[in-house]
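To keep things clear, I will list the structure first and then write my remarks on it.
Letters are used for the chains, namely A, B, C and D, taken in the order the chains are written, and counting of residues starts over at 1 for each.
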């Protein structure tokens, strides 16, 4: 069964490589074609457009930057949705809005195609190492049929429900929780610094006791060491993710007070000139708001 | 060297027992004397007042409920501060305000006594199992002299600086971080529930991937299962801790925006009748604010 | 010079009537045609579509419910933008997003038409009495040419700048300030009620001293009397306006922390079942969050 | 009947002067005695201590800076509470905490003295012109007996209830409402400035339409003109008032979300170096948080 992989950014390139190496027949497409060269050498075929990529495909996987990129790849000129064969499956792994996921579900259903959402957790290093966590939702039979593919892209698969949007909500909620860790660490480290406590010692204490989780280690280290540049993930992208969580909540008439605060802090940090820094630079704002230089 | 242990609540009783079993000569005092019976059988001596307890003591350890309890034990009738021998050490393990810790430092210094703060992290079960984390600050020589004692009360000692208040700030910051986890989980679980996702499955996903830390497991389980009663730690006590963090920040002229939000939510939850529930019932408020019954 | 007036809701009907009575030649259009009957009797002509209404018009005035309504009237089937004569002026009085105002400016410019934004302040009673305040922005010569028309719809005209969006920003900022009054009054009245103070006496005191402004009288009276139903302006519409202010701020990379709070409270009030109440029902939420029944 | 007036700051000096000129027999006391010279020339007697001032007095009026100043004047060395004659009335006009007002009520009752709270609204200019608004609460017969005195200090008297603390709550709520105006104006003016709108024109529009109240004129002018120095009322004093409102709310188990935000912004402004500016400098913070220089 042929797999089309659309989107070879710093996550997708690794996910596609695992599929090629895993023995699947893979056709790739990327807006900037040069990114595909490496995969071509490994045996992938390169398509000139999204529509061409999905010809005869049983599965089309998308891993694009945002709603806009996915929309134009799906519905723009030479978009893949109209070209995807009847009965084929679209696996959407991008971090997108719940609204777009709901629209895709409807559009694919109208065309007799299948659609599941399968966003991933992990940074590019994890993608390269095959250590991503894959969260899938949608028709359970379809997910079952895709298990080999999903299992090849990550280390573990979590199935979250029978409506695709559920996986997107889990992804956005997870990102919101990570953003909450950054915000709370930023405030706590600013407080302890004001009292003369060494930030790295404070982080070491936290991460060797109650908060022994990777996310506390990663962001605790960045904040303690004030290593906001070069950015791993820019502030505006972090803001975008928090806004997606807020939009998902708003769509079901509920607030997310912590996300509102984080959104406001991210906007303030951008306004104050931190746009080019890592999204954890809201912790830099917290330090400055505490009078630390 | 004689150790006086003041305060046999659901944490202190275990800490004192470890000291008795560890072979130290221990005199205990508790406002409600009956709590001391068990330790008396193990070999501890029971004093009738804080002042009596510290006679001839080399070390006085306090583990009391709050500022008010420690103040009356220290400075009230038959308080221990005036009775503590010159050169003896007061180890304050209670969760108290930075302001009271600063006052104790001054009062002890004026009397030629030593003072270190050594609050602990862990719940009563951890105290019983000797698994507490002890965070100490103050004169480093004095801390060194107390290592055997501090090591007997917990599994590991972290030294945070040479001013006692530093340990209190770390304790309050740690509690603030735990409160932030509860708030963020409460919001995220409410969001996923609105989309029909099973809360326990969501928590299982979180705690087996990015958030594999005890605090996420404990509170994720409580919130997913809505097990707010019986309370492990009542809402008003959680509110008190958040207010101590806010006060510590205010004293050095800085905000803690997340703590402000959590304080407001705890007050709202109390106003709405959740006073007798566990302090994680702010997550119940988050669910109700999302329209979940 | 012929004037086309599009949108005869509970504001537009009065504004159009003033124009007819003022002697202008007016063609009206409304999605629900029956609303136009009264104006027809007064001498207005009724058009069957937006496009028909603006034929030969020198000025087209729009007073529609929201972005969506204006977009479909402007760009939908038989929309007026393509039909508006070269050189004619579109006066947009609806409360719309800055983004839509910017788009209209561009679309009209491309067609050789003029565009000014002229939103109004005041409730339907004020519109009926000709007491609206009109805030205009755009090309100043064009505004000057429209002075007679703008002056007929309201009691006073304020010119805010030469870019149309400026008037929209002033409108959204004004609405945000009103929402802030409601929120602050809601909290203050809840606080005084908790101490047994009569809310109407408190409001009387406020509005006869420091806060002697209409907005405090109107909303103070509603909140003190708990008269949230029937609604003058529903909660979801209030939420929409606050979101427009937040979006205008976000578009220039800045937070509006008070608006974020108000947004969260409006969402909470909706989630808790107050959707059909007046938008000032966030004050009812404030009372309930204080434990008042 | 002799009146003792304690506290001749920039408010008290004017209030006392009105009483002297009004023909009352007035004994004044101030910590810095030189402030009393002017009143002495007008006919007031000057006492050397609070206790001496209230000897034979029928009424003692206090107008002191804060809780601390009133506590030491009342209960400190030569404090007036123990010296006030049985049956005499203490009129407390200072802006103090609800808790201190409740304590005073109890202490005076135990001594067979009367106590009413009568805080005032208005700035020093209003005090000088006799234009203060007086808000009184306590035993209604006692308030009636004091009407001539209260009427001499201000232009109008509002009676808010039979428990003294009620007047304090109204005062704190009023100050909170003023702080809310400052915060909302600060955010709205920053937003309009970002779009190129002249801030003074925006304020002129507001204050000649919906917000035609003195508080909007005063603070709108300060913010539009960025006249934060010299301060009329320093940032830390504004912070103190907001904290009193928060404490009053907390004492009855309720949040004041807007006050929490304002508190956080005031702390941030202090941390960022604005301590010597007017308390409306939170609007300067709002501008900086919008990226305005």
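A few comments on the model shown:
Just so we're on the same page, a residue touches a chain if its C-beta (ideal position, glycine included) is under 8 Å from a C-beta of that chain, and two chains touch if they have at least 3 such contacts.
Keep in mind that what you see is a predicted model, and the values were worked out from it rather than measured.
In terms of the distance between Cα centroids, chain B is separated most widely from C.
The chain pair with the larger count of C-beta pairs in contact, out of B-C and A-B, is A-B.
Centroids of chain A and chain B (each the mean of its C-alpha atoms) stand 38 Å apart.
If you average the Cα atoms of chain B and of chain D, the two centres end up 39 Å apart.
Separating the centre of chain B from that of chain C, both taken as means of CA atoms, is a distance of 53 Å. Along chain C, residues 249, 253-257, 261, 265, 268, 270-271, 289-291 each make contact with two or more other chains. On chain A, the positions that touch chain B within their shared complex are 98, 121, 133, 135, 156, 158, 160-161, 163, 165-166, 169-170, 173-174, 176-178, 180-181, 183-185, 187-188, 190-192, 194-198, 201-202, 205-206, 208-216, 245, 248-249, 252-259, 261, 265, 289-291.
By the touch rule above, chain C contacts chain B in their complex via residues 268, 270-273, 288-291.
Here chain A touches chain C in the complex through residues 249-250, 253-257, 260-261, 263-265, 267-268, 270-271, going by the rule given at the top.
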